[in-house]
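Each in structure tokens, the structures are laid out below.
Both complexes below contain subunit A, partnered by subunit B and then by subunit C.
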Partner chain A sequence: MRRPAARDVAGILVASALLIAVMPMLIGTYTLTVLVIYGMLGLSLGLIWGFGGILCFGQAAFFGLGAYVYAISAVNIGESTLPMILAVLVTAGFAALLGAMMFYGRLGDVYLGVITLVVTLILFKFINTTAGPQYVIGKARLGGFNGIPGFQTLNVPGDPEAYIWGDQLFYVCAVALVIVVLLVTWLLRSSFGRIAVGIRENETRMALMGYDVAARKTVLFAVGAAIAGLAGALFANWAEIVTPNLFSLGQSAEIIIWCIVGGLGTRLGPIVGAAGLAYLKFMLGQQSMIDNTLIMGLVLVLFVLFLPRGLVPAVASLWRASVGRGTRRRPSRHRRLRHG
Partner chain B sequence: MAETVLETAGLTMRFGGVTASDNVDFKLRTRELRCLIGPNGAGKSTFFKCVTGLLTPSDGHVFMRGQEVTGWHPHQVAALGVGIKTQTPNVLDALSVHENIWLAARRFFDPAEAGARTDEMIDRLALGPIARAELGQLAHGERQRVELGLVAVADPWLVLLDEPAAGMSAEDVERMTAIIHDMTRNAAVVIVEHDMQFIRSIAETVTVFHQGAVLMEDHVDRVMSDETVRRVYLGKKA
Partner chain C sequence: MDLSFVILVEMLYAIATLVLISAGLAVVFGMMKVINLAHGEFMMMGGYATITAVGLGVNVFVAMLIIAPIVVGLIGLVVERLVIRHLYGRLVDTMLATWGLSLVFIGLATMIFGNTTTGISTPISGFAVGRYQINGYNFFIIVVAIVLVIAMLAVLKGTRLGLIARGTMQRSEMAAALGYSPDRIYMATFFCGSALSGLAGAILAPLVGLVPTSGGAYIAKAFITVIAGGPSLIAGLVSSATSFGVVSQVFTFAISPVIGDVALLIAAVVLLRAMPQGITSRFFRGKL
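What follows is the complex of A and B.
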């Protein structure tokens, strides 16, 4: 984090420009789009867990909520700009309420996990029971386990006929991810971000310094949820249908695995973990020899055993060891994360 | 008469059937240096925790500069300008020395001012060579010094230190004594301590706790020669 901001930003811009140019030649944009969206979802948990120490078992709740808010408001409004904004704001608002309840209630980490897990379950169960015609919000029928199909998908702001789909949707999602990464970078460099990392390290000390830990955790939690909500809304546009499976526990667990495999405490790790594992799952889905959850489990176990800090931190220290040796020596900065 | 910066009235803390702090009346004047002593379990740390908001007292009141702060959260107490060091080291282990002190300064000053004060504090504590090192990898004495630094950098008017000399080398203690004397130019300081040698070197007025209550309160020399104190604290038979 000590690198100058300009270099950091330039690095992000160059790397993402290269990736946006090269990746479509290797993988179809349809698949790439969802990888980018998952990357954003991974980053949303990576931010609050890796930098804020908040282990949320229900990040899928915010992802699904963003998707549903988008779908419901898109059906009613018939244009995509406002629904996109609503998806982010409503999700953030919901998370702020939930977060305030948990953090001002001074719940321990375990209970925080349990509550976020249960909230996801409640949403999943509730949406599944809304098949009847009485469950309507405006013009949108919630549709129970069938979900909501046929809503207005992303269009050029102000022009509902100019749909953004296919390759264009990929570029929109990719640019959105770059913007989110830049915002997260800015946030982490700001006083707010540095204080959040301090809270991750030692809540008591930060409180004794005079920081209102509960308020700051609530805000960070809401920011993470807003990013997940944006990812959910983009996902709704990609899939063109939203179903209760978005809220499934499997989805929540996967987000956590992405962060562990990619590397906590980094911005890149959760994105790489999400895109990499989602692609692996996609490849495995094309064969029927072996069950893909088995492989996912194996990947997780291998990482926890052999690369407990995750892929990105491991590669980064390898890089520093081989390249950094010849040039200037810095005192080694082995980051150990402590999580309750 | 000098202003009273910290006052407790009838402060009582019960844990089930145990009364750890029993009806403590305590007054501290501005820029006063006060040591709290007493045998293990005398209620010093409980009193300390009630004052800092880490515990909510069962009964009684705490006032700071005339304002009632009973039942406040620690962050609210700290935000008044109270520097607190707990008994066990409470630092940010995965962050650098600089970041630790900067975060403490940032609470009360804008980023530029916080940066300047951080550099100044690092110089004053002779932490320059290890300013960018990760705190978790430093020696105990160095970490204690950093914690004292992050308390001092916020420019508090009341400083509460729970066993600051615990586990420190003689050289570290000497340096810390200097820092504490430095602090008393602007702040009232309360020190909870076991180390009698350290108390003798630094204290003026001493409050002795025994079984949750204040046993006596007087100049250090008179306290040390008092028969009752010697009996309960130093384990001498009368």
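What follows is the complex of A and C.
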């Protein structure tokens, strides 16, 4: 974070403007939209895991929760602006409660993993059983395994008839992602972000220096969840249906794989990992010779064994070693979590 | 009277199932501090090994009690040598790598057996208690779980191998200094853990329709039971399986099976919040 802020922001803006202009020529915007949404989801875990050292096995819970909150409130309200805001706020509030319970309880790594995993499972099981007509929130039937179809999708604020879909939805999602990246950049440059990294590196030291570790972790966890909730709400708009599969363990696993492959401790890594792997999965889905899951699993195992730092940091250090003359040699800022 | 007997049997059965599905994971976690997230898939492979063997004309009990554990144990051995060996002491990395492995196994099983449900019929017929019908196979599972716990206790407490294993568990450097290779012991432990997973998968196979993804149904429960059990291997396993089994059955009978599952998970969250190091960090301290 030693580069001047203006250069950092300008870099992000130029790169994303280029990508938004060029990518639709290469890949259809329908696919591209979901890649952007997954990128945002990857970033949400990348923020709390890569910079906060919180390994959440249930980021999919927040993704699904955002989607469900959006769908339920969109059915009831019939307009999309308030549901979008609700999706983010409810998810963040839920995560703040959950995080407070875990962090003030001083739970260790593995226990944190178990609890987030279990919460995801509870949501998954619960939503799956809500098929009966008695499970209604306002006008929205939860629909159990079938999910909720037919809710109001994204519209221009204040005008429920002016739907945003297709190409426009892509541009909305892309701009949302850029704004989220800028906010994350700002957060990491602020003292809050630097203290979060300090907590990742040595929790006891930060506590001894007088910082309230539990409170800060809770806030960071909630911020990550809010981003995941936003991604979930956008996903609901893209898919036009929400199903319990959003909460599935497979979804959680995928988010973790994206972060590992892309590279932890970077902002770019999880986004690249998410979009890249999701696109790879999309391409693989078109053939049936080798099972999709098999390849995802192999990718994860190989990366953990041979490239635990991830793609983006590895490429960056290769770049610096070969052509980057004049760049200051920085000691690697990021170490993987290795608690034994 | 009949009803209370049925409920008692169902409770014992729920506890026995939890003990069975968690035993393999508990051995590996307790000994090596490795969380094997591919545990559910090891169980799934145990089930497939049984069904394949039965299809080839082997007696059902031989297939379940002998063939499945050996096959899955060998697969576990390969996994340990290729992947897990390189990741000892890195808890989070082993979790991620074994999660990847679980996806690989699901993919392989889908390619080999297809994405369809297979199964075998239960080899023991049910009988009636008053106005209720009890599945005779449930008794078999309860007996196997009891025998398993006693056997584990006997091996760990009674034999020289168990002594070496416990020594390595407590302080591996000391065991190494006394001339026992921790590497070998870990390898053997992982074999045993995988074999136990295979056994559990095989024994439960007649009760459930087997699909390549059925491992996912077990891993969460096994994981929770082991973590909530805490540092002592067997006391932790039995005590947490008992608490979760009772909680889930009470809610199953009172409301519905799904609520029973949800109650189990909520109980786990509450329990871990109250005792972050597991049950045996507070009760049964220093027991095996």
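Quick note on the criterion: the second predicted complex is superposed on the first by the 325 of 340 C-alpha atoms of A that agree within 3 Å, B and C clash if a C-alpha of one lies under 4 Å from a C-alpha of the other, contacts with A are read in each partner's own complex, and residues count from 1 in each chain.
Just so it is clear, a contact is a pair of C-beta atoms (placed from the backbone, for glycine too) under 8 Å apart; a residue touches a chain by one contact, two chains touch by 3 or more.
Computed from a prediction, not measured in an experiment: that's the story for all the values here.
**Student:** Which partner does A:Asp212 reach: the first (subunit B), the second (subunit C), both, or neither?
**Tutor:** In the superposition, A:Asp212 contacts subunit B only.
**Student:** Figure out whether A:Thr204 sits in contact with subunit B (first) or subunit C (second), or with both, or with neither.
**Tutor:** In the superposition, A:Thr204 touches subunit B alone.
**Student:** Which chain makes contact with more of the residues of subunit A, subunit B or else subunit C?
**Tutor:** C
**Student:** If you stack the two complexes on chain A, which partner ends up touching A:Leu13: first (subunit B), second (subunit C), both, or neither?
**Tutor:** So A:Leu13 meets neither subunit B nor subunit C here.
**Student:** Would you check which partner chain A:Ile195 touches, where first means subunit B only, second means subunit C only, and both and neither mean what they say?
**Tutor:** first
**Student:** If you lay the two complexes on top of each other, which residues of subunit A touch subunit B in one and subunit C in the other?
**Tutor:** Of subunit A, residues 336-338 contact subunit B in one complex and subunit C in the other.
**Student:** Can you tell me which positions in subunit C touch subunit A when the two form their complex?
**Tutor:** 33, 35, 83, 86-87, 89-93, 95-97, 99-108, 110-111, 216, 220, 223-224, 227, 256, 258, 261-262, 265-266, 268-269, 272-273, 276
**Student:** Subunit B touches which residues of subunit A in the complex?
**Tutor:** That would be residues 2, 191, 194-195, 197-198, 201-202, 204-213, 331, 333-338 of subunit A.
**Student:** Show which residues of subunit B lie in contact with subunit A when the two form their complex.
**Tutor:** Touching subunit A from subunit B are residues 52, 73-75, 78-79, 84, 86, 90-95, 99, 102-104, 106-108, 111, 132-134, 136, 150, 154.
**Student:** Which of the residues in subunit A end up touching subunit C in this complex?
**Tutor:** Those in contact with subunit C are residues 55, 101-102, 105-111, 113-115, 117-119, 121-122, 125-126, 128-129, 249, 253, 256-257, 260, 290-301, 304-305, 308, 336-340.
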